[in-house]
Each structure stands twice: as C-alpha cells, then as structure tokens.
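The letters A, B and C name the chains in turn, as written, and every chain counts its residues from 1.
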C-alpha cells in the first residue's frame, strides 16, 4: 500500500509523538540509573552527563547501611504469602460460584464484587484497633490478612469470568471417572485456569508489592518493614546523601522492571482485565 | 445445610464485631500485645529521636552501655533511634496499641499530654519525692513542663535554646562582627550578601525551622509576655507582632539573606551548607552545636544570640527543656527504668554529654569550662544570660495550633500575605477549640 | 452430577474460608468505621459519642476542604490525561503501526513501578539544584522560569498531578486498546471501502464501540484519583502548608499523628461515599448500559 504525501506527514507526526512520549517514560529512569553511580558533588555539578566511573559504592552503602535487602525480604514474604492464599481461596470461591449449584451464588458474587469500589482508607482505623486487640500489630500477618481481603473482589471477578466460560462437559466426564469434587478442582479446573491464575497472581502481587499505607500503619519495627516503607525511612535517614538514596530507588524498581519485561503480557492483560470484562 | 452456611456466615460477622466492640474504650485489657520489648526484666528498650547524622547518638549509646554494665537490677538498656517525623507516627501508633517501649523520648507540654490522659505514661512523682536530691538537681521549673495535674510524668535530660551559629572565618574575611543590635544584624547580612557570601542557611521543608526563627524575632519585638498572652488566650494568633515578625523574615528571604532555593531544602541539606563553610550563619537549636563543632569548620564556629528587634527585649529566646524521657505504663520494671533515667541525669552522664557531645544539661551542675569547646562556652553563656525562654509553639500547642503556626510561617515565606495567613491561623485556632 | 456439584458441604469448604476473611477483615471494618466516625476517640481514653459532629467539623475544617478540592483537581487532571490523551496514543497504536507492541510495553511500564519509587524519582527530577526540569529550562534559555517546584504552593500540586498523568497514561491506554481489539475488523474494512478517513473511522466506529469500556475506565480513573496516597506522602507530605494535602494524607495525619481516630474515620467514610458516588454517577450518566460492580 502506498502512502499519499499527506499520510506520510501524519505518520511522521505520529512517530514524533510516540518517540517523544517514549523518552518521557524512559529518560527519568535512565537518568536515575546514571545518577546512582555518581558522587553527590558530581550529581550537582554534572546532572546530565555520564558518571566518572561505574563504581557500585552507592549500592553497597544502600545495601549495607540502608538494610535494603532486609526490606526486600520482608516484601517478598508478605507479597508471596498473601498472593498464594488469595489466589487459592479466590479460585475456590469462583469455582463454587460459577460451577456449583446453590441459590446464594449470585448474591455471594455481588457481595464480593462490591469490594471493588471500597477504598482501603475506609478500613484502616478499625483494622488498626482490631489487630491491636488480636496482638497482631507489628507482625507481617497484620499486612498480609487485609491484603488478602482486598485482593478478593478483583481476583474473583477475573476468575469467575473465566471459569464461567468453561464447558459443562468437563466435570461430567470427571464425575464418570469417579473423581470427587476436590480432585475435579485441583486436577482439572486449576490447571485449565492457569492463565487467569497467573494474571490474578501477577496483579495482586504488584498491588501488594507497591503498597505503602498498610505496612506504614501496621508495622513499627524497621526490621519488619517492606521496601516502599524502607525507601521512605531512607529518605529521612540519609536526607542529603542523594546518590545512595537514588541507588536504593534503583534497587527497588529493577526487580519490578525485570518481572515486567518477563511477564508483560500477563501483567498488561491482568491489570486491564477488570475493566475490559466489566 | 444452606441454613448452616448462612449461620456460619452470620457467626463470622458476629465474631468479627466482637473483636471490635469497645475498641474505642479503655482498651488496656490487651496488655502487652505486639512488641515483646517490655517483657521480662532483662532488657529495657528506649525509643529515641536521632539519625545517622546526629553525633549525639554515640553519646546516648555510651550512657546505655555504662548503665547496662553495672546496675542493681541486672538490666540491659537498648536504645532505638528513629528519624523525627517517623518517630512521631511510630510513637502514636505504639501508644494506641499499648506497645510502647519501656522508656520513650518525648517533647514536653502538650505533646505528652494526650498520652498521659490516656493512661499510657507512668506517674513517676513518688520516685522524685523519695529522692529529693534527684528532684532538686533539675533546674527550677523544668520538671513542671512535664507535669500534668501536679504529677510528674517525665524528666528532661537537657536544656536547649535557639542560637545563631556563625562562621568566624567568614565573618573575619568580610570584616563583619557579631551584631549588637537588630539593625547591625541586618547590616551584617547585607554586607555578606554584597560580598557574594550566603548570609544565612535556612530550611523550608520542615516548617518548624523557619517558624522558630519567626518566633525568635516576635519574642524580640514584644517579649515573652506575648507568648504568655497567646497561651492563656488574652492575645490572638493574628496579633500584629506575629504578622510583623513573619514579614520581617520574609523580607530577609527576599533580600537574599537565605541561600537560593532554601524553601525546598531539607534540614540536613541546609545544615550541610553551613558546616561545609558555604554560609555564614545558621539559626538553630543549640543541639546542633556538636554537629557544627565536629564538622570541617569546627574551630571556626561561634554562637551569639540574635539581637532583639526592640532592644528592651534582648535575651528572650526560643528555648525549653529538651530530650525528655518518660516511662511507659506497660513497663514491667519501672524501678529499673527510673534508675536508668536517674543515671542519665546524673552529673557523671550529663558531664559526658556536655563535654563530649555538647548537650546542655537540664540539671544545675558546676561546669568545668576548660573541658568544653569555645563554641560551647558561647552557647552556655547565652543560655545563662537569657531572661526569658519561650518553648517552641508546636511543643506548647502540639499538633493543632502549634503545627499550624509552623505551616503559617512557611506559607508567608512562600508568598502569602502575612496578615491573611495569620488570620486563617486564628480562624483555625477558634475552630480547633471545639473539635 | 448434581450430587457432586450440589453438595452443600463442599460448597461450604470452597466458599467459607474466603468469605470469612472477607467478612471479618473487609466488610466489618467498613461498618465499624462508620460507627467510629460518630465518636470522639483517641483509642486510649474512653470515647465519646458525638453524633455527626465530626462531619460538621470536617466541612468547617479549611484543611479538609482544601484536601477535598485538591482531590477534585486530581480527578480532573487524571481525566484529561487518561481519557483524551490516552485515547490519542491508543488510537495511534491500535492501527497497524510499526513498533506498536514496543510502544505499548514502554508506555505501560511506569504503572507497574511502586508509587514511592516513582515519587522519589520525580522528587529528584524536580529538585531545584540538580533536577532535570530546572537544568532543562536553563539549557533552552528559560533559566528565569527555574523554580523550587515542590516547595511552592502554587506549583506543587500541579507537579504531582503531572506525575500521576505520567504514571498511568499507559495503563488506561492499554485498557482502551484492549477494547478496540474487540471491534470486528470487518467494520473498518467496510469503512475503508467507503473511503472514510481515519478520523471519521475513529469518530463513527471506534469511539462509539468502546464507549462502554470508557465508562468503566472513567470510574477507575475517578476512584483511582481519590485514592492516591504514596506519591504525595513521599513528594511533599501534603505541604507546603497543606497545599498538596489529599484526603488520604490528611486522614493519615489526623489518625496516626494527632490521635483523632474518629475524625480520621469520618474522612474514610467520605472517601467511601465519593467512590460509590462515582460509580452511581457513571451508571446514571450512561444509563443505557449499567456498569456492574
């Protein structure tokens, strides 16, 4: 297909816009990466250029003094356990709602979906006093449990959408073979739903990994903090040592970017699934 | 069966509600939830404000070690340090959850008050009564700042007041001297400015820092009577002195007496400008004396008290007790905790802090001038020559009017009309009274 | 068959664990939060029932109304960036243009990075001494426009809204592209044959057909902008003098700094009501096809 001159101009314009925005997206991150190798005085004197050397000294300081690895570990513990529980329980509920025969199924689904519009701010004060009574404040559980609860609506929304579309014959064949309901669920349904499970897991993981509010309120020990809170602590402790702070930010975002590059289809699909299927 | 499911769901809701009922109430039943620090008599945990940049944390740790090595209770003391803003959030949440460490850093006056009223702070009156010598070692009136309803809930370990640190070398190079009057002070700033030197370093991001400067100047305009009048409500927040003082600081900013971009600069960054010799003066609490003395310009740092706008009010400064400590009600071994505070306020410990870390003791001790730096001689002279001290507004009034006073000062520096800004502060104070 | 799928016991096993967690840690706290909002409590001293006094005070509290206004500005800013602008990029990338997949991946990237890191990154970008914005102005000869961006009450909120726009344009763009993908190819083929220009195609095919998704997206944008917390908390902490205060940051401040838990709970309730309103509103505005939540 040949382009008319007018179309050519439009095409060029389009690319200009796209490339401009690409730079806008990537350059701040790239600049941050370069800055993380500079010294503080270099940063002030030469914010644009390359660092004099690519020495990892800032990273070493961020890891050793800033306890970034400890925060990292805490984030992993909280996110992984919350995601695991949320995914298993929400797929069970979704299965029961879409495939099993009971009258309250529709109502239960709606009660769960109601949660999609609830802002977490409307829960934190009561949760705080609840965990206080239960002696759970300042434990990872105090962050994990509400995250599981908050994850349900979106997870059930995505999974019930998927499971509802599976053909009925699947269970029939399995029942013929003498499988019980648990075998059906774990051996047949779960494997089939793998893609939507990954989607749910990834979205939930990102939400929990990035959350600042809950750990900030429910955790007080710095040895239990997650990465986002750790970063804010860092901001207070090393207020003038910008380059170390920048290195800490890089350490925080690199895993997200790597996972994103690796799983971007799932992530993009998952994060928009809720909206598109609505 | 279906009924059963419904029943279980309902009972879950009930169980959940039970967890919540009465949460707003006394709530002390859940005792030692959370932090296990208060358990056992072996370790006393102390929570304190401090960051890596604060040289004094070594001194505090040393005190804890010395006490741990030899005390009749066999306890070990551990101090945890947190950055200022984090500390406030942390203490609040720990208070509500009864998980406050045995001993905690506190500010005086209205900061501690809600915790005292909530029954979270141990009453240490009897300890002070039993040991009159200890009680009398505190300077007059300092214990009152931590007393509520006639009972003592904390002890100060230091005194502090705002001083103007200055770089002697820069002063010499530019041929200026310590100003004796307010006009001379402005002249000094102007001369420095004309010579291309940053006269003062200031931090705009932490609102209390410019606010204490405004408060200092207001004190120099109308004396400490103004402070008392605002406290007891006979004077309003938008009084003309406050407005004039804020305008005065704004004028200094407009004249370029603060460093460029000060309004967006954090406290560490602006302090660094002074301690690296890039600014001539630095107005701050005397707690920064050690940081200055141990910096690269160390020997060149001196201090003077800002001359009053109206000379009849000279030597009225922003100041109060500092680094006070309280024992939490949940502390299992209050005797040991008080013993630790006694040790901290003992002459031995306070001398270490004074001689090695330039902290002004709260008690009345003889001071060996030969052991302290020239800077500290200046600071102590200022401290002794003050005729009136006005505590920081945010300590007197806490998170309400106090913090808003700070915010108001920043907003004036940000360009808001001073009269308008203080009018809205007054409005806030009136609304806040019935909140 | 029915025996297996209708077994009440297994249904209970499948549903109850999740439901219990959800009920105890989401539904009940919401309800209890409404109750707390009628109390004057610091969770320490005995609490006092004050009726709607907290709400009356909230609307008299200049800082709260300021925060509410800032939230609304945030909503407007987000709507501008995340509907027209995202749609503009979405429409370009939806057409078979070289590198479309690459651009989509890149534009989406910021939305997966945690808000704290994004906030810190932009704090550095806005830094008055070494930040990119000021240095850039200097290079293009507009040095006089240099500014302490986040400390000036006139620019701080705007700067934060720009970051929100930046972070989530790609996210909403992908939602819109996903909607466009559901449009049958044949519609465009027919339009091509009729000689309709791209703009006409967009106006008469794409836009009407993705409208239902745009409604959902609008709800997401509005509720999303009501909920921002991380960015402001990291970049300005609500300052200078509350200029960038949002309802979320103010709630945190009132609850976990000044111990006014009842007051904070009231802010939470208002946020909840606003989020619900945004759903109802969009249901009302686009009542032909109700959005199911």
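Here, a contact is a pair of C-beta atoms (placed from the backbone, for glycine too) under 8 Å apart; a residue touches a chain by one contact, two chains touch by 3 or more.
Since the structure is predicted, the reported quantities are computational estimates derived from the model, not experimental observations.
> Report the chain whose CA-based centre is farthest from the CA-based centre of subunit C.
Centre of mass proxy via C-alpha means gives B as farthest from subunit C.
> When all chain pairs are ranked by how many C-beta pairs they have in contact, which pair ranks first?
A-C
> Could you please state the distance in Å, as a whole number, between where the Cα atoms of subunit A are centred and where those of subunit C are centred?
Distance between chain centres: 16 Å.
> If you average the Cα atoms of subunit A and of subunit B to get two centres, how far apart are those centres in Å?
Computed value for the inter-centroid distance: 39 Å.
> Find the geometric centre of each of subunit B and subunit C from their Cα atoms only, then give the gap between the two centres in Å, rounded to an integer.
So the centroids are 37 Å from each other.
> What positions in subunit C touch 2 or more of the other chains?
Residues 8, 11, 15, 19, 25, 27-29, 32, 36, 43, 127, 129, 256, 261 of subunit C touch two or more partner chains.
> Identify all positions of subunit B at which a residue touches two or more other chains, and write them in rising order.
2, 5, 16, 19-20, 23-24, 27, 85, 89, 93, 96
> Send over the residues of subunit A in touch with two or more other chains.
Each of 102, 126, 128-130, 132, 216-217 in subunit A touches at least two other chains.
> Per the contact definition, I'd like the list of subunit C residues that touch subunit B in the complex.
The touching residues are 8-9, 11-12, 15-16, 19-20, 23-25, 27-29, 32, 36, 39, 41-47, 57, 60-63, 127-129, 148-154, 237, 239-243, 256-263.
> Give every residue of subunit A touching subunit B within the complex, in rising order.
The touching residues are 65, 102-104, 126, 128-130, 132-135, 137-139, 216-217, 220-222, 233, 236-240.
> Quick check: in the complex, which residue numbers of subunit A touch subunit C?
10-11, 14, 17-18, 21-22, 24-29, 31-32, 35, 43-44, 47-48, 89-90, 92-93, 95-97, 99-102, 108, 111-130, 132, 145-146, 148-150, 152, 156, 171-172, 175, 180-182, 184-185, 206, 209-210, 212-213, 216-217, 227-229, 231-232, 235, 242, 245-246, 249, 252-253, 256-257, 260-261, 264, 267-269, 271-272, 275-276, 278
> In their complex, what parts of subunit B are in touch with subunit C?
Residues 1-2, 4-5, 8-9, 12-13, 15-17, 19-20, 23-27, 85, 88-89, 92-93, 95-96, 114-115, 117-120, 204-205, 207, 260-261, 263-264, 398-400, 407-408, 410-411, 414-416, 424, 427-428, 431, 434-435 of subunit B touch subunit C in their complex.
> Spell out the part of subunit C that touches subunit A in their complex, as residue ranges.
Interface residues on the subunit C side: 1-2, 4-8, 10-11, 13-15, 17-19, 21-22, 25-30, 32-33, 36, 43, 88-89, 92-93, 97, 99, 103-117, 120-122, 124-125, 127, 129-132, 135, 166, 169-171, 174-175, 178-179, 182, 198, 213, 216-217, 219-220, 223, 226-227, 229-230, 233-234, 247-248, 251-252, 255-256, 261, 264-265, 267-269, 271-272, 275-276, 278-279, 291-293.
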